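I have placed the structure first, in the form of structure tokens, so that the comments after it can refer back to it.
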Amino acid sequence: ACGAADEPTEEAPAADPTEEETDATEETDEDATADYPSELVMGFVPSQDSANIADTVAPLADRLSEELGIPVRGEVMTNYTATVEAMGNDQVHIGFIPAFGYVLATDRYDHIEAVLKSVRHGSSTYKAQYTVRADSDIESLEDLEGKIWALPDLTSTSGYLFPAAQLMDDYGVEDVESFFSNIIQAGGHDNALIQVLEGDADVATTFDDARESIEADYPEVMEELRVLDYTDEIPNDTISVTTNLPQELIDQIVEVFLSFNDDEEMLEIMDSVYNWTGIDTATDSDYDVVRSVSEKFDVN
Amino acid sequence: MIEFKDVSLVYPNGTQGLKKVNLKINKGEFVVIVGLSGAGKSTLIRSMNRLVTPTEGQLLIDDEDILPYNQRKLRKLRTEVGMIFQNYNLVKRSTVMKNVISGRLGHTGTFASLFNLFPKEAVSLAYRSLERVNIAEKVYMRADQLSGGQQQRVAIARVLTQQPKIILADEPVASLDPPTSHQVMTYLRKVNKEDNITTIVNLHFIDMAMEYADRIIGMRAGEVVFDGPASEVSEQTFEEIYGRKIREDDLVGGPDDE
Amino acid sequence: MDLVMPPKKKRSPYKIIRNIVIAIAIIALYVWTFATIDIRWDRVFSERTIENMGRVIPQLFSPDWSALQKIMALMWQTLQMAYTGTLLAAILAIPFGFFAASNMVKSKTLNNISKGFLNGIRAFPELVLALMFVAAVGPRPFAGVLAIAIGSIGMLGKLYSEVIESIDMHVVEALQANGANKIQVLFYGVIPQIIPEFLSYAIYRFEIDVRASTILGIIGAGGIGTLITISISNRKWDEVGMILLVIIVVVTIIDYLSAAIRKRIV
Amino acid sequence: MSKPEIKGVVSTNAKLRMTIILVAIVAVYAYTSWATKSTPMDIVRGWGGFQRILTDLFPPNWAYAPQVMEKLIETIQMAIIATTFAAIISVPIFLLSAANLFPSPWIHQPVRFIMNVLRTIPDILLAIIFVGIFGVGVFPGIMALFIFSLGLLAKLMYETIESIDMNPLDAIRASGGNTIQVIWYAVMPQVLPQFVSFGLYVFEVNVRASTVLGFVGAGGIGLLLQQQISFFNYPRVMTIIIIIFIAVVIIDYISNKIRERIV
Amino acid sequence: MIEFKDVSLVYPNGTQGLKKVNLKINKGEFVVIVGLSGAGKSTLIRSMNRLVTPTEGQLLIDDEDILPYNQRKLRKLRTEVGMIFQNYNLVKRSTVMKNVISGRLGHTGTFASLFNLFPKEAVSLAYRSLERVNIAEKVYMRADQLSGGQQQRVAIARVLTQQPKIILADEPVASLDPPTSHQVMTYLRKVNKEDNITTIVNLHFIDMAMEYADRIIGMRAGEVVFDGPASEVSEQTFEEIYGRKIREDDLVGGPDDE
């Protein structure tokens, strides 16, 4: 069912008469004259790809509500899958979704679209890094052959998707699983690093720079682990909306979020809670790079 | 009047429950059936309201053969034949009243009975039946709060509420201790005499049988081996009913006592 | 004294061989299991484990009372989910129970179909059902309620059918001997016998469902589980400790109440 | 004979009580279903979603099956190990928990209390904690299953022991046997079949439970389930579910057959 | 010799099980105790091997008061006193042999018994005991495959294996039908005479008591109300033991039969 590999049609949600037609049942009844919802719900996942992990989106929600004049509720979701399903079922209207999750989401639902993306350290992209022990004899990615790879999760953009793609593209690795002697799914970026730190694995792939997130528990991490290499740039997390909202409202939402860039107070909140230094507009095509990477994998 | 004409019964598994039984039981008689375990006493009794169906012969009740009866006629027959069981067969969790009034289900419409809508007469009859067996004060108790003897009295009340022409009782006192047994038998006897209801009872104990019965029927291996007034029962009758070899076994203690 | 010994126990060669085969099979099963399972003992007995114990366990045992309020709110939602789901199941399971009971429905085919269906449902862990319902209706308590409801039908239906099969059929016979018809027998003979057990099993299932609903949130299906996931990714073990405490206390109270009620019913 | 004072077939008291209970049950349901947004109306409204998920799930992707089988085996092995150790360790625990063997509440009550607490903790939550300690892998999963089954088995067994025929115990005691001999000669023969049967039952429970432990990194087939859900790859999800289903049904069947023969 | 000196027993719930019982039972006697349900027959019997402990008085066995015995002495005492129960008290799922040999547990070390390491003599004794009650051929059958009478014979064999000086039997035939009861009583009697083992039996049926007993003890409400040879039992003794009012109750059928 879901999953012919030709994604780039997501741009035009209504044009594509795939099975998703049936999804939006309630909304499509009223169709073009989509109403303002009585309440906006903002879904947020405590992102693994950031050093801090938020467990509340309340300040953002309050501020949005103030500016839009509609009640806005922030809801913490357990993972991006839940966020996507909630958006698919119109229970969440604004979702914070990582890049890879976004690509999968657009594949599954036609009415999810990225309108904004986060800016960290002044950039709307980030990289994945390969981390090895400082005293390791691994000097380049080629040396990784036959080593033990600790990765956070097979669904992680920076922890798995991009590094694996890089190995396949640049080093002609055909099958990453046989390239390494063993792959450990550590269950988190921090855990992946710890595997290397403990000597259970030789290399970990994480976002840049995940070492900071465990510095508190493992003060020695900066000296004992060294970054071997980086991947290509990965677009930052999206702020996506369901296009079942009236276009007018979507525009307003984008506007309000962008206005936070000029607001010292909001910048501070975003930084302290999500490590964001700003927000930028996004279009779906920004994520084509992730899309093309994900096509290399036997995901669908 | 109940009449067995060459009635035989073979259970589906091949056991012969009854063998060419011929009997005539008159209106108002108090008959006790005795016999060893497995002799066919229950089978005989249960065939009279067709809880089991004889496979051969004719079983006439008031000159009508009940063996070919269909479901509807059977229900009609059963409203006229009350039955009392060894284990009382009360709905333990229902009240005494509900148990007793269920004796009138056969006379009550399905719909009415679902909503406990029994005519006033039925309720009154049920209560009077309880009074007759001296247990009216327990009317709203749950059946499982009563002792065995009391439960059996409730079961008798249920049968009385049914206003049957015949009462069948399959070892009504087997689960009771001797004094209570006598009590229950006394009530059965009383009902039999007062209402002139033909009463047929299975019993284990011959002594009790002789004390209450007008007439005793001895069975063995599906056959009637004795039939006569209690006064005619002799040592020899015992042996006929229970089989000669028992006493010998007792004394010798053979290796196989099954 | 001359000792009279009992004759040697006779064993058929068939039995001896069978026992040997069984013994070998069991030994082989264990050898295979322990030889092939991928337990990383070096990791299990590493310094890291000791460190983690030192970090995690003390935190677990010093629960974060400041989180109590939000935890209780989610626990309350968990209970609501369990109740809604159990009640739905308790009702939906009745027809299945009757169809599966061989003393009520005489058709073997119908019995077996119903039994198969009920057993089939029981093969799915609630969490797997919840996954499907999250995908169907989104991540919210509703998905959890549906998972609980469907998951419980299997067990309740089976227990119901066993209750029905174990009723005293003599009573049914006694009513038949009075001339009662089928429906009258059902209402006067069957239902009074089964209602308390049905209720009791439904309440018992509620206990199980409370336990089950506490974790459905892990995949977004509502209730306290949601917070478990978040606390874990925040590595807030003292919050996990608090959640654990709340679950233990609430589940214990529910178990206790349920047992007390069930005792009164039956 | 006094004129009977009868109020009908059911006493008014009983009627009133039944009505109150029924109303309470329905009222609570009305509230909880509203609060969780799970009313029958929501079921109707969710219909589109049910249809969609069905079309998403079918047809399953059988090419994925070999990978699933590998993890399935791991899952079953986890259940075998956990059940075995739980069965062994539970013996002293359930003996001590049986009030008819150790009538002093100072012995059986504390043991039961600990077991009761253990049983209240969902196995997946135990798994989360053990993953936190031992790291991801099958070991924390086995530990979680072990702890949970220990509580379950101990409870099932002490209840069984409490319902055994106490007469043979009297007999052994009356012929001069001591406590251990009484347990060995009068208790164990009576409960051994149940012990094996419950052990198998707990194994069934463990197989089912271990299929989802992978969700929190505790090994087994659940890991795949979680991955494929993250990829929204429902045909593969269906493959996993069907394989779990078949495996559980087969294991239950075999286990049931054995249990039937034992008891 | 067994001697009760002013023995009383009050159960923890306040029920008076025995009231100032004075008795002397000589070596080799066959004594039958009769009485209504609740009369204290079981209490009397069970106090002789301290399955219950009298709260007052002295209970001498071979001139030693057993009431202050500690656990160790108690086990010693119990190896010398065999007991037979109404429900046979066999371990149903164990074999006949295992049940019978368990009579020797008191003579066997804990460790040895855990591994079924009984001395050859014990095994042989067990087998001979089975032979004595004519059931040796069932030696490897499971106890639950035997009939009631056979199970009780196994229980007797178990007691014989114990080689006791005293046998206590608490309603050994209450669950058996009459012929089988006689058989079991016959075996008990035989053992009593052959080995000169003092045997004390509780029975429900007076007729059976009179047939087997050397001496009958009647109990009522915890007291000994009759004590004498079977030949001295009269109508009046009956009434003393069973209480005067029973018959009246029977006939009147009072509202409360509990």
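General observations
Order as written gives the chain letters A, B, C, D and E; numbering starts at 1 within each chain.
Going forward, contacts are C-beta pairs under 8 Å (C-beta built on N, C-alpha and C of every residue); 3 or more make two chains touch, one makes a residue touch a chain.
Please read all numbers here as calculations on a predicted model, not as lab measurements.
Any chain bridging subunit A and subunit C, meaning touching each of them, is among D; the list is complete.
In terms of C-beta pairs in contact, the better-connected of the chain pairs A-D and C-E is A-D. Farthest from subunit E, judged by the mean position of CA atoms in each chain, is A. Centroids of subunit A and subunit B (each the mean of its C-alpha atoms) stand 81 Å apart. Subunit D has its Cα centroid 47 Å from the Cα centroid of subunit B. Centre-to-centre spacing of subunit C and subunit D amounts to 5 Å, using the average Cα coordinate of each chain. Residue positions of subunit E touching 2 or more other chains: none. In subunit A, the residues touching two or more other chains are 79, 81, 89. Multi-chain contact residues of subunit D (touching two or more other chains) are listed as 49, 52, 56-57, 135, 229, 234.
Within the complex formed with subunit E, the subunit C residues making contact are 3-7, 9-10.
On the subunit D side of its complex with subunit A, the touching residues are 45, 48-49, 51-52, 55-58, 131, 135-136, 217, 223, 227, 229-235. Taken together, the subunit B residues at the contact with subunit C in this complex read 49, 51, 75-79, 81-83, 85, 87, 89-94, 98, 102-108, 110, 113-114, 155, 158, 162. Residues 46, 48, 53, 55, 76-79, 81-83, 85-86, 88-92, 188, 194, 198, 200, 217 of subunit A touch subunit C in their complex. The touching residues of subunit C, when paired with subunit D in their complex, are 29-30, 33-34, 36-40, 43-44, 48-49, 52-53, 56-57, 60, 77, 79-81, 83-85, 87, 119-120, 122-125, 127-128, 131-132, 135-138, 140-142, 144-146, 211-212, 214-215, 218-219, 222, 228, 232, 237, 240, 243-244, 247-248, 251-252, 255.
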